[in-house]
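Read through the structure below, which is laid out as structure tokens, and then see the notes.
So that you can tell them apart, the chains are marked A, B, C and D in the order they are listed, and the count of residues begins at 1 in each.
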Amino acid sequence: MNIFTTDRVAALLPRLRTFVAQEIIPLEAAYLHGSFRALEPQLEALRGRVKEMGLWTPHLPVADGGLELTLTEFGMVSEELGRSPLGHYVFNCQAPDIGNMELLHQFATPKQKHTFLEPLMRGEIRSCFAMTEPEFAGSNPVNMATTAVREGDEYVVNGHKWFTSSADGSAFAVTMAVTNPAEAPHKRASMIIVPTNTPGFQLVRNIKIMGDEGDSYASHAEVRFENCRVPASNLLGKEGAGFALAQHRLGPGRIHHCMRFIGICERALDLMCRYAVARELSPGKPLASKQIIQTWIAESRAEIDAARYMVLHTADGIDKNGAQAMKESISTIKFFVANVLQHVLDRAIQTHGALGITDDTVLAYWYRHERAARIYDGPDEVHKTVLARTILKQYGYDVQSA
Amino acid sequence: MNIFTTDRVAALLPRLRTFVAQEIIPLEAAYLHGSFRALEPQLEALRGRVKEMGLWTPHLPVADGGLELTLTEFGMVSEELGRSPLGHYVFNCQAPDIGNMELLHQFATPKQKHTFLEPLMRGEIRSCFAMTEPEFAGSNPVNMATTAVREGDEYVVNGHKWFTSSADGSAFAVTMAVTNPAEAPHKRASMIIVPTNTPGFQLVRNIKIMGDEGDSYASHAEVRFENCRVPASNLLGKEGAGFALAQHRLGPGRIHHCMRFIGICERALDLMCRYAVARELSPGKPLASKQIIQTWIAESRAEIDAARYMVLHTADGIDKNGAQAMKESISTIKFFVANVLQHVLDRAIQTHGALGITDDTVLAYWYRHERAARIYDGPDEVHKTVLARTILKQYGYDVQSA
Amino acid sequence: MNIFTTDRVAALLPRLRTFVAQEIIPLEAAYLHGSFRALEPQLEALRGRVKEMGLWTPHLPVADGGLELTLTEFGMVSEELGRSPLGHYVFNCQAPDIGNMELLHQFATPKQKHTFLEPLMRGEIRSCFAMTEPEFAGSNPVNMATTAVREGDEYVVNGHKWFTSSADGSAFAVTMAVTNPAEAPHKRASMIIVPTNTPGFQLVRNIKIMGDEGDSYASHAEVRFENCRVPASNLLGKEGAGFALAQHRLGPGRIHHCMRFIGICERALDLMCRYAVARELSPGKPLASKQIIQTWIAESRAEIDAARYMVLHTADGIDKNGAQAMKESISTIKFFVANVLQHVLDRAIQTHGALGITDDTVLAYWYRHERAARIYDGPDEVHKTVLARTILKQYGYDVQSA
Amino acid sequence: MNIFTTDRVAALLPRLRTFVAQEIIPLEAAYLHGSFRALEPQLEALRGRVKEMGLWTPHLPVADGGLELTLTEFGMVSEELGRSPLGHYVFNCQAPDIGNMELLHQFATPKQKHTFLEPLMRGEIRSCFAMTEPEFAGSNPVNMATTAVREGDEYVVNGHKWFTSSADGSAFAVTMAVTNPAEAPHKRASMIIVPTNTPGFQLVRNIKIMGDEGDSYASHAEVRFENCRVPASNLLGKEGAGFALAQHRLGPGRIHHCMRFIGICERALDLMCRYAVARELSPGKPLASKQIIQTWIAESRAEIDAARYMVLHTADGIDKNGAQAMKESISTIKFFVANVLQHVLDRAIQTHGALGITDDTVLAYWYRHERAARIYDGPDEVHKTVLARTILKQYGYDVQSA
């Protein structure tokens, strides 16, 4: 409960907490020792129950079957769902689909909506977002070699992407490609919807990340586009608007992720406390009696609270004034929360000792997979420079990029 | 501007910012190279102007000449005034007087109010608070050797205190002393008002702290009470209520201090940015062009924002539900904000290079004097344990103090 | 080259560096994307080449086919081999076999040597060390439920162990079990050699650690002993000497590990520098031009050098005065080097961006698997307390364990 | 005792330890609450005793009255003397005089030696070193506006310096001034001996640093040279050799300072342990019983040991191969040891609680005055870049200064 907690969210959150605890968390062990694909039947069943409960796609407008939450409210939902790696998927508000839904919702033509958005909202298909290229530093997204050349009524897409999350099993890839190479750097690229059954679309591999190739939704692919021909009507928005559209994804996406991180932190802190109380160093003397453990608990509590306030204030600012007005904060929460996440997970693992590095708890999974939090969407270091540039401008100095 | 900014505070803050910048900060150099006492005539003149502007004692009710601000609103005021070490004094809302005013306001008898509170509110006298004793660890305040023995209509006070801030020149000392030694530890002490002209009250020395003895308001004394006889009517509240009353001082006091720290941080960040832009490494290449400096600026911005949100949420919670309900947060902000303060000051000094360690800027003053922030009111380590204890109780484990 | 570099080691190290670089590192990709077991034929071939080069089991006396290195010299060898996760195995000086060889060398009977040590030294078999139990905190090793009851000429072993590294495929397990429950805690346990084909010896599972079950040598097992009957002559040393023998393993083992960590650090720093120079942010502007990257490189260099000096001084002290005399340093290097390792790996990964979290470099492997460095052999926190206890004893205070 | 401890140093160190403890440390309180100047008679007496003991100017050759120690040996001496802020002065090996003695020893003419070096070695006069200018960033020392123009047999010096340590009371200032403005940047400046009684030499002020103006030896001056005329024979070395000579001062000077820092750390750790054992939280329960305090003690021990090894290895390398060969290490120890110093002091102060921020111990003095350790001789950040540049050169990349 905090100042941003609306009545409807106050009613919603405990339901989510209970559902995650009772229905989703019990599936984690199977996920950690098996695969996402093997778990899909059970997840499908849970998705059905979520629909029955009227909690499906909570981020969407009521007209589209959602709960029409504000970004701030959805942020709180995202925290609750983030307490398990499987939470968002069960509610069909998982990245990258949620970002694609938002994009299509705002910018798709009616036909695009019918073909791509509607089955996505219903959870019948999945999608991916193909932007990052292995040959170029992610910190400078305008560097891009993938091209989409207009030939008659088609675009011919050629390129090489990686970290195309969840491509394995996706129905389509929202793909960034240069369509207007003669324009200024930020106006060269467009977003084009490429169905994954298009000839020439090739899933090279699920990249093995931190020991884990993953599969299905839980994967990050390297993909190639070799003369992929798609109808020109698959263009999303206007030619050259690719980066402008990508920016739209960014603000809300950052909130979703950061609140998910906070959910992870809360779960990690909960596990840490439970274990500290249960594990005995000697009869009657639990780990929780050690001052270092107490210190870690207190520091984690403080950092998590600080992180949540920052994110919710940012979300609230976006709700009220739009993402552009909160640009500085959106950069700030990126690196601030990612670091809190890493610290809290590290302390939770250290508290668990040998158990902490096994996959017998979910901590090691997050330790591995969320190491990426300090890297994706631009590494922390880039965001710090971006923030400093904005600040120093007020002092009359213009930091040169590079 | 943030969610807690009320209209009246939104109108007030820019006035304070301007007054501090134009009237108070210009006096800093004289303070840093001279003494508080030497500056008093000029400060007195500024106090007169503050009264004329109707901004005197902003924390007090309108009936007492104040602005009747909520704690949250006053927190924001405290931030603005905190941008200079002289800010709070000029507005007569400086510790320890502000805490004593609040105590007397709530618990003093009409006669006590007339004698002690009213001239204090008018700024005619100053006061101090005598609690800490050199012989006992501050982390356990119930350890105390000072006694006040009732003899007829008087209390006879004997004891040894230090860190009695601003005792030099004070009219009276609110003094913690054991009156009921047979009671449970938390019910042994009382608060007694001891006028400093009472025979036996001895200001042993202004303790030299970080190279600086200070004087007048800007000092921290060691004092002795040797058979100090004060009227029994100088008892504040009830016998044995000393710790209960001290608790009352604590919640709001923590907000005042923490918001003051944030004001210091904002000023330090401002100085850092100004210097980074002005200082040239080579012609046309300012310090601000270095990525490390940019990183420090961004990290400072993030940490300060996080700290402010935490404190304002805590203040808002106290305003709405009382300090007891926010106990956990009050412990949390103590150590969280004190550490942000130290990091930001350290970066600001490092940015200034050799200039940073001189007293030609205010940074070194704060670096020295606010090192205490991690110590007073109980060291960080104690507050972390207190917070962990509360959390672990929810898991069924009761941390043993000690 | 440093003060500890003897002539023979100065001649040896470049040979090792070259062999690791040319023969072992090229196998890493197959290991990271496949399994240890699949790689064994190739590793076997390399082992043959190492024997031909006369570099086999460098830690052993010449009489046993080794190089008769001092601990300090072997430390430097361990650093070189540590540059790849496969290095030590190829030279047959990998933990836990190296520790078992040392134990058997010092304490085994002639018959035990013939049966267990000799094939181990020749690399024909592998072994494991069964000590840690899941039910007891590793920080207090005397807590142990595994028992070995003498019945006639046999011991009957019952118990439950985990983190029995490399049990998968081992010929025998040196097993800690309580034989003398009535003795003082440190004199209750014995070491008993349990061949893994003993009926009742059960490898429950290779524990999935950080996403990786591993197999063969590269695994950490959970094992059960159910009425395992072994000849009484399999007792290593005397009854009740288990902890005393375990102590023997500890000092040298700490040096082996810490120098291996330093090898990992050097490799990570090398990868970081290569990538920083190769990766372009924009044409002609490599990542290495960023001050943050430069700072990470410098800090890593400093920390690695500091760590190496500490470990080599400790090794040299053990060579000259024995492990007991260096007890304090042996605790110190444990936590100091493990933390350097984690910092350097973290910076190397962050430098690599998205690539850093994939298994396309070896960094993510170490990031995951060496997280254990701060935990095994007792977590850092325990070693800090142990060190502080020794120091505080000199001031007349005896820290109570617990 | 470590590998670098020679027999003569092993005999010497305990004598120094005892002398510092018994004769010098007892004077600290007077220094901290008074002034250096007021203490000079007592210090003079101690200097006499040091001469009698045959320990005077230990860094000098025997022929000059010293002990002819290696740099490594003198490093260990410097550590012992560093345990008190007054130690080096009493043995006449204090900066900046020790650096000036070394310079004059190597580069002075016989006449210069007679006039300036000999009374300096005898302790009859003091000296200073005027290099840093307030108008230029210290991180780029070739930026310099002070000029020395040759007119006939004289140089006419004009300029503005600050952080001219110990100028107050000095007999002469070794002064860096541009004599050859047309040369390449590193060949423009010369070192010229300017007696402080030269007309036009003006001590503007002792800069107030961290609350402390200091006086006499214990001060840092701002000075002006206004048409100071000195004989051309006061040139030290050759025209344009200023920076080359300054480099000579640097390597050994860094060792002196770093070992002095380590002496401070050892004293701080000693004070921390003593206080932790003596201060009771409750009867029979000292501060030392807290795990956090134990952790700080252990971490301090580890960091100090690491720092000492690094510095001694660097010193040993300089002794054997010269400073140029150890350039990288000389940069490394600068930032590594300065940070250890700050951490250890911070922990020692926090352990002492309120007492720690008073001048009732020496800790607050060091906390204030040694904050400069991360700044002088170029801030840490510059040294990290310098080190990274050397490393990256080996990878084919040349970091552009700027």
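Just so we're on the same page, a residue touches a chain if its C-beta (ideal position, glycine included) is under 8 Å from a C-beta of that chain, and two chains touch if they have at least 3 such contacts.
Nothing here was measured: the structure is a model prediction, and the numbers come from that model.
Counted by C-beta pairs in contact, the busier of C-D and B-C is C-D.
When you average the Cα atoms of each chain and compare centres, the chain farthest from subunit B turns out to be C. Here the spacing of subunit A and subunit C, counted between their Cα centres, is 38 Å. Averaged C-alpha coordinates give centres for subunit C and subunit D that are 43 Å from one another.
The distance from the centre of subunit B to the centre of subunit C, each centre being the mean of the chain's C-alpha atoms, comes to 53 Å. Within subunit C, the positions touching two or more other chains are listed as 290-292, 295, 381. Those residues of subunit A that touch subunit B in the complex are listed here as 2-3, 273-274, 276-277, 286, 288-289, 291, 293-295, 297-299, 301-303, 305-307, 309-310, 313, 316, 328-329, 331-332, 335-336, 381, 383-385, 387-389, 391-392, 394-397, 399-400. Of all residues in subunit A, those touching subunit D in their complex are 290-292, 295.
Looking at the complex, you find that subunit D touches subunit B at residues 32-33, 132, 134, 137-140, 143, 162-163, 207-212, 279-282, 285, 287, 289-290, 292, 349-350, 353-360, 364-365, 367-368, 371-372, 374-376, 379-381, 402.
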